[in-house]
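Which chain is which? They are A, B, C and D, in the order written, and residues in each are numbered from 1.
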């Protein structure tokens, strides 16, 4: 099948599986193991993850990024609680209302130009505590990196966790692309998650080379007490869980997470350098992970998409999003930049 | 890793992936394709499934068997509706209340000794239509094969679909092991699903050799209108869907579904023949698919489980369940029967 | 308007408001008070209720009996929990699935000939604890009196509360007609609720002469922590709550609860005596509160209903239910019995 | 009980019941009628409401304003739909997340300085139709009058209904204070609801002199098909419904709705005139119904509240809300204005 036509910058989950992870699946494909996670591959992966995030953490595998986010929130809140998030947060705009459906709660969104929350931005929602007519704010949820490709520093995260504790709230992090943030910050995972005061983390692998497999990591074990029931009831319990475990173990153990994320980030940097110099292109966000946001002339969007698939971010502003992935090549970038340049020239 | 200790008869999803399906995954692992199902592998698989179940059917891939069942029901009902099912139905006892959680509806269960529903058994729930204090019966949900390893004939299914239509209800079939039923009946899929009046089918592959991948098939396309939103909102939308599609295509196109199911059923038959003759063993259900239910002396359960893992079905009756799978060997059966025989001898 | 045609034995909420309670509403109809319960009438009523049920109880007013039940359960469970109840329980058959809708949980029903649960009947549901595929049993819910007009003794209730504690479950009582049970047992409310180990009580007044007004009483205050948010979110928070409070205060303070319930029970006793002696009538339940269940010839049901409205309980058995209320008169009973007798004579 | 201390401008539901409506309740308090709405008083009230809103409308009584709103929305949407509303909408900020809890949907809120929506303000949410990752906009919900005391003209409503139809959406109106809007516009109810393209209306009476009683009115009968089941399942079905019906009939039949609302609006006008002239008071919204919003010096809020209870609207801006009601007197206003003036003088 000719899939070349799909090559582009639409999303990091348009890429396939990294060969090492296909191998991991094959390695685990021997004989019988108990289904639903009580198997040695899953056990192994849990231990590996704990070695990164801390002994005391509790680790669970789920099937999708939406599942990881919704189940994280579900462990922290009741239906009468509110979840504070950026207006651009994945949970707010890209999950078709899954948090409202499963948690029956309200998202309290905050406009944010770079996708980040700050204590000052959050303040408008910090009222009505104890007043039964209002949803009770209970979680601050941030994405790291953000959906705008920006990355929180450890200090920024800590300032939010301090605020959360002060109001008896929790801090959740959507880490669907956590590896890209770690590489960007040049920090180990623990330092800007558990150590920065995050309570629950969605830690994803699919966007960085896995076939499938996301995880939820609790840094306060008591919050995980009922997770297994929620996971099953939410249809997020994989029967052949060994194949998630096998991938996660190799992903972390071999530093594949870093190799892949470093490459994707680097490619985004290259893409930034090649395109930002072109007249008619305005880069709208800092390029800190594997996304580049740009305003380009409206009339070249369609012809450019015809050759390299990507998404329009903001129709009104003529803003587009280009994502790189673990398998983006220098060649991809160069051809793309050349194509863009020639289209710009013709405007 | 030594996984031999897990070899046994606990469940068909304790088995791994069939090699042909690993190959299918590798074949699909090339370049970029659009995520979330708009890719050629998924398109291909949909066409293949339609060639089995009818051109007019609508096909969607999901991630788990629970997901397939809950989303099927969700397409058919509102929260004030009732779903009639056998007391032993997977949706009633093995999904941790997922239907109630996601559909917010009531299951109206019916005791059934062999796991099958009949019009006569259902009758007790067919009242209160139009009465606002009662949930309104709207779906009859059956499992094919049943959780007791028995298989509905086409006529039995048709009698239920006739009843359903008469009361303006729908007929849903949980076909997590549909291939085993088709082999058992020696019928093509369509004849005892679409042609027998089933409205929506959960069609599973994971229990018959797939890595993961379940599907929901609508035989009345208008019922599928909003399925894509429900699937996303329910966290059942796979980003790298191509790998489900790739498996399903090969699974059906190569007749692997039949080969695997025929083998599993045959092994169950052998297991039945080897164990039913042993004094102290009482087989409690007809062996029509890949499950054997038996009452055995209470004191040998634990020692037998230590060597071959399986589940107790009914503690009170000392009844156990043995499942065979696509990779069960004649040797597995023979050693198991021998072990059972020697334990029985020592009683 | 001529409403005589509706006089009958259909339900105790077909009766109107007791004059003393209309007066109570008028008395409270002066000036402004803070809405939503922060008013002196509500405060007063809460104190009065506590004087009956114990200082340490927590009291909340709601709008309907279904609301009281659903919010009671909601305070005790998560969605992955199960609620054990009789098959005939109001929460199971008369609330159109409201518990499933609001609590997203599963009801685990038990057939019971007299509407009562016993430890032996419950046992079948006491398994699967800790097993993520099963809903986790968490509440035993009983109705006092039952929907079959029978009344639990304090000992029977205590045996269920002991069982509940043993399994780390809660005991909920649906006391929509609690006054009728208290009169029947000749006990004060506390002795067979709080003192018998009930954790949460739905305590109703509407079926015994109030205009509207139900309450939820917690005997373990810590369970009430989030009740106010759940009540608001469930649409059960009355804005002009003072009129519920005013009624409840008078209802309890003047012993109206006892007068009304004693009368209704007495009338049921008279109805039993007058009808049970008639050939062709078979009383099917003990008459311990204000309900009489009888099997009568099928052909007289319709003509009898034409003169005195009541409901068929079990079509198949030709069983009917007759409820008495605070305003049933001796004359009502005598005319009814005479009518029944003449219809029977004509069979 | 001395309730004078509560007299003030906090909310129109701090007032009591209009004497004519107490009388209506007493009139209906005769004999037995069928519970749950199948009674002559309810039937009568439905006919009266239809005479105002159109023969073809469908009318249902519920228990609370939140109930009316949530059930209106529930009739129009599935969980994957979005409801567009003003950021200040009652459904968005004053119902503790009841829409999210019961409808499992997402509210798409829009900042609006005067509480009104316009097609231009809504436009930002009109995208993503057909895209499964986004909730699907399905309802525009407006409050008439708005929570800011402003009133939509018929033309403004029509422009929204035209937009709704264009996008295959519905228009819902929260008319908890509809009478105040009708008086303000000097229009009959029908002209700015059904005739202006509203699909479903929450029509309330509690804030204008009723004890309790709200209604949902469908102008497209087919939308009401399943309402009765939703109402029961949502715990909003009153057993003694005759007392809601009796009130609504008198409320409309005697023009009490108009008398009460006209008085409340007039009192708000007087309050505006008396306070807006005071130095240090800035009125922030047009006074078109029975609410006055004002910015006053922060230091006088508490002493003023001590004498006349009212709520702070926006802490940060030192903005307060004063509501008048059917029983506000000229004396109330004059004393309040005098008190305010003397406090201002002391600043």
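The criterion applied here is as follows: a residue touches a chain if its C-beta (ideal position, glycine included) is under 8 Å from a C-beta of that chain, and two chains touch if they have at least 3 such contacts.
Note that the structure is a prediction, hence the values are computed from the model and not measured.
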By the contact definition above, name the pair with the higher C-beta contact count: C-D or B-C.
-> C-D
Based on the averaged CA atom positions, which chain is farthest from subunit A?
-> C
Just how far, in Å, is the C-alpha centre of subunit C from the one of subunit B?
-> 42
What whole-number Å value describes the gap between the mean CA coordinates of subunit C and subunit D?
-> 33
Do you know which subunit D residues sit against two or more other chains?
-> 79-80, 95-97, 101, 104, 132-133, 229, 232-233, 237
Of subunit D, residues touching subunit A in the complex | 79-80, 82, 93-97, 100-101, 104-107, 127, 132-135, 315
Name, in rising order, each residue of subunit B that touches subunit A in their complex.
-> 1, 3-4, 6-8, 10-11, 13-17, 19, 22, 25-26, 28-35, 39-41, 44, 63-67, 70, 95-98, 101-102, 206-207, 211-212, 229, 232-240, 242-243, 309, 327
Please give the residue numbers of subunit B that touch subunit D in the complex, ascending.
-> 36, 78-80, 104, 132-133, 136, 226, 228-233, 237
